[in-house]
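Next, two complexes with chain A in common: one pairs it with chain B, the other with chain C.
Our next item is the complex of A and B:
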């Protein structure tokens, strides 16, 4: 084992940086997770199952995962377009637009939540058009999705941008000289090259959506069984001093998210298979 | 398919890449565009492929009798090979080669099995049939460039355009691939144009060489012509090494070093200062005056590694120069550091001193 580790040590500092990484990850990530597990382990199984199988909790899972997935999918498509425009074209105000992409990162989530609610409420600037068309946005699952699209956008744009910038112009020229149309070139050459980055952005946006709290609770309306997200239920349980219930809901979210991220990682590995030799 | 371009100009902002260039390539010919960087050779190639648009007012670009100047690269049926291969890295070697066939509209697309056969045949042609399922990242530079060539040939191009095809490869692979490309061309006879800044490559490989400088064509000719009868001073200095003397032409005689060289071909040239070029191997070296017109020089150093001795000399008139001679002759005449020698040029190129 010692020998196996040493073999990687061509670059100096392997031992030091690996040690730092492990202790840092332990303190920042593993320790809180372990505390969560310990807390849950003290309760009996019946109690845990009762907490997670409550129809109100199940509905909140469905909303949280569904809206996060939908939001991440929408962002994957439009985030790609935004990243494409920001890399490929020059136009006045480009830098401003580029900076704007980071705004959802920087804004306090409560502020964005309240702003979105005002905009999308049935009497809001945007909401009234939707309301006229018979599609209410605020206080529905659609509203939750809108909030998650807002918070997830920078993840996709910022991961895809460098991948697009790295594309060689010559590869596209090669495709053109071989007779491929612009669309075929995009679909068969460009997209597969940026797919790993796009998947990363998608996974990040999705994970962020699952944990998002501040910007969602205002626009969702928090109606039990309808627009209640899982993180909100966890907070509710905590406020009722139901530590075990909160832990149980959190554990399920943790488990499912982990599986999702694992699957996306697998997909990423597959989409980068050409780079392994 | 023949290629004719007429009066092509191209500017990038302030930079003039091509000035009124005209060129015609015969069917089945292998042509080299040779020049230093910035001479416009790559721009000319890219204009032929449709990857760059010539300036407005430029003449036609004809493939056989068709003017393709206004056509997109997609419909020009040009096989283009890039210096850095430009392979699709997420596709296997076979998928790369098949790409040009797979993107065809359905009614023109060969069947799957036909595509597979053609890919197999092409990979055999470029000697990579064992690598069909590898990814480009698993191949060496020379192999990647052969994949790029097979991919370009898959669409059965009317013309093959190669942009510094060996530029990114190391010397040995370069040499092998060069000879291989020549054999391949003799086999399939597709009209080909390649760009290079390496005069050896151009002279060895091409049927005709187009020497370019600062956006203009300096000379078009066979390797023999451009090497032995360079039309301009630039061609003389760019193709191989030369010794430069500043001299004068007067009454059919070229005066340089301490020599008055009889030159009937310059009899008509008015008296004027000239630049005289002699290649290092175009000197006869004697250890004594033997009646032939010669000028005196002193050997400063002898480099004897290689089949030829390379002598570093100073002429009596002050110029430093290089002379090459067979090593055994050098040894037989006992030419060593410090020896006085007498040099008789065998061949001189004379160009009027350009006003600077």
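Our next item is the complex of A and C:
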């Protein structure tokens, strides 16, 4: 006689574990986020709009957006090269470099912040070369971009690496046997296959850059209208007890985070579908 | 496994043996050169710089900075915050992964997205939401004040903010691993008469131990190094609500650069230890998964 067991039916704890998960999620994450929405719902709409459309705040969006975009673009190009080299080639020190790619994840942001500032200051090891060339890095939008290249790097490399590893050698061989040059194979065969992963990594790095605080506030110099990032303005408003102002900027940032989350989920779905076809 | 989810090098042994699919040596070495210069500039030089700056004023000054009472209290507070946040999120991670990977239910993907949510939120916003919840003008602020409980600009707020930002780490490492391992072994244990707890301790836990440890290591690294979220709720009371990263900021802003880097070198050492453990555990997890696959 066959035991009529529902699949998974024998494993216990469904109610308990799901209940605990939902309760803890609600208390730790959802309740605090609701507090922000509630704060916004109680605030005067004109006051909220006034806070988000203030020229100093708009300038900070522009910097956060521009520097994150520039940093993510640099990472998309060089991260692709790094991922390619780490997957396809062998050279001395490769495993060490591979492990080091996660350094920006592991390094506390305050440490990255003061280190990059010291290096790229006009008298720093790297900054002095740029200063001699007449390009100041620290305390300029370029400095903010440098910090965001640092924080975004692992997102691109770690997303693209598995995609390159999954490429099938046969496809490239077929392209070559049909007369494609190596460069043509890269543009027409390899790049399209890894494009979803590359875009996902780019979006992850971009999104991270928009919210990044610790590694940027030291190198940015925080000059109003010039080098203030959006998260810094939240802190500034909070220090001035301007709760509505802080709430308004946070709401905009939260909205942008959600849009990126949707876009990234969409991209991941696309890359999975791509991988299956 | 996007964040911190490197590809174990054992799994990426692409054989570029075929001549038609290999780049010319010039191209190959040029690409390797570009990668090394880029990583050198952005990763290796900053890493070296932390330690060189830390010892710039000599070994005596280095240890003076570390033994300073304010540094000591920052270290104690950091350890305390991690000691609360990491176990809480570890238990949650295991529980959530069990619910998500062992059962089928509607809304599972939405739940996974919600668990990942703290990763998509700026640390500053993460701190701010707790100010709105527990602060003087916050939702529960008046009630807390009436009962003499201080959360914001005090240690409880810093713990809560850290719990928020480190919330997904363990769960997101365990979910893909436990999904890949399936439920057959647990079902077999149950049919042979094991209780639910016995099944978990004797079957599931040994199967996930390396992935679990990996999640804990990443969670701990972030808990000890978090800056933005903790900074917003801390109030910066020197010697009282300063964690190590906040103390680094104070020293740096006081132009005490050598001391700031000395204290920062503690965190950089933690980061290096995290990376080393991560590489080791990734290899162990890959091997454990390969073993699961090999079983009939």
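Methods note: the second predicted complex is superposed on the first by the 222 of 277 C-alpha atoms of A that agree within 3 Å, B and C clash if a C-alpha of one lies under 4 Å from a C-alpha of the other, contacts with A are read in each partner's own complex, and residues count from 1 in each chain.
The rule is short, and it goes like this: a residue touches a chain if its C-beta (ideal position, glycine included) is under 8 Å from a C-beta of that chain, and two chains touch if they have at least 3 such contacts.
Fair warning: this is a prediction, and the values are worked out from it, not measured in the lab.
Asks: Applying the document's definition of touching, compare chain B and chain C: which contacts more of chain A?
Replies: Ranking chain B and chain C by residues of chain A touched puts C first.
Asks: Which partner does A:193 contact after superposing on A: first (chain B), second (chain C), both, neither?
Replies: first
Asks: In the overlaid three-chain picture, which partner chain does A:111 touch, first (chain B) or second (chain C), both, or neither?
Replies: In the superposed model, A:111 contacts chain C only, not chain B.
Asks: Just checking: does A:177 make contact with chain B only, chain C only, both, or neither of them? Give me first, second, both or neither.
Replies: both
Asks: Would you check which partner chain A:119 touches, where first means chain B only, second means chain C only, and both and neither mean what they say?
Replies: After superposition on chain A, A:119 lies in contact with chain C alone.
Asks: Quick check on my understanding: which residues of chain A belong to both its chain B contact set and its chain C contact set?
Replies: 173, 176-177
Asks: Using the touch rule from the top, collect the residues of chain C that touch chain A in their complex.
Replies: 2-7, 9, 11-12, 14-16, 18, 20-21, 23-24, 27-28, 31-32, 34-36, 38-39, 41-47, 49-50, 53, 92, 95-96, 98-100, 102-105, 111, 113-115, 117-118, 120-126, 128-133, 137-139, 160, 163-164, 167, 183, 186-187, 190-191, 196, 199, 218, 221, 224-228, 231-232, 244-246, 248-249, 252, 257, 260-261, 264, 267-268, 270-272, 274-276, 278-279
Asks: Which bits of chain A are touching chain B when the two form their complex?
Replies: 168, 170-171, 173-181, 184, 188-189, 192-193, 271, 273-275, 277
Asks: Touching chain C in the complex: which residues of chain A?
Replies: These residues of chain A touch chain C: 8, 10-14, 17-18, 20-22, 24-25, 28-33, 35-36, 38-39, 78, 81-82, 84-89, 91, 93, 95, 97-116, 118-119, 125-126, 149-150, 153-155, 158-159, 161-162, 164-165, 167, 169, 172-173, 176-177, 182, 185, 200, 204, 207, 210-214, 218, 231-232, 234-235, 238, 243, 246-247, 250, 253-254, 257-258, 260-261, 265.
Asks: Contact residues on chain B for chain A in the complex?
Replies: Checking each residue of chain B against chain A gives 49-51, 72-80, 82, 84, 86-92, 99-100, 103-104, 135-138, 148, 151-152, 154-155.
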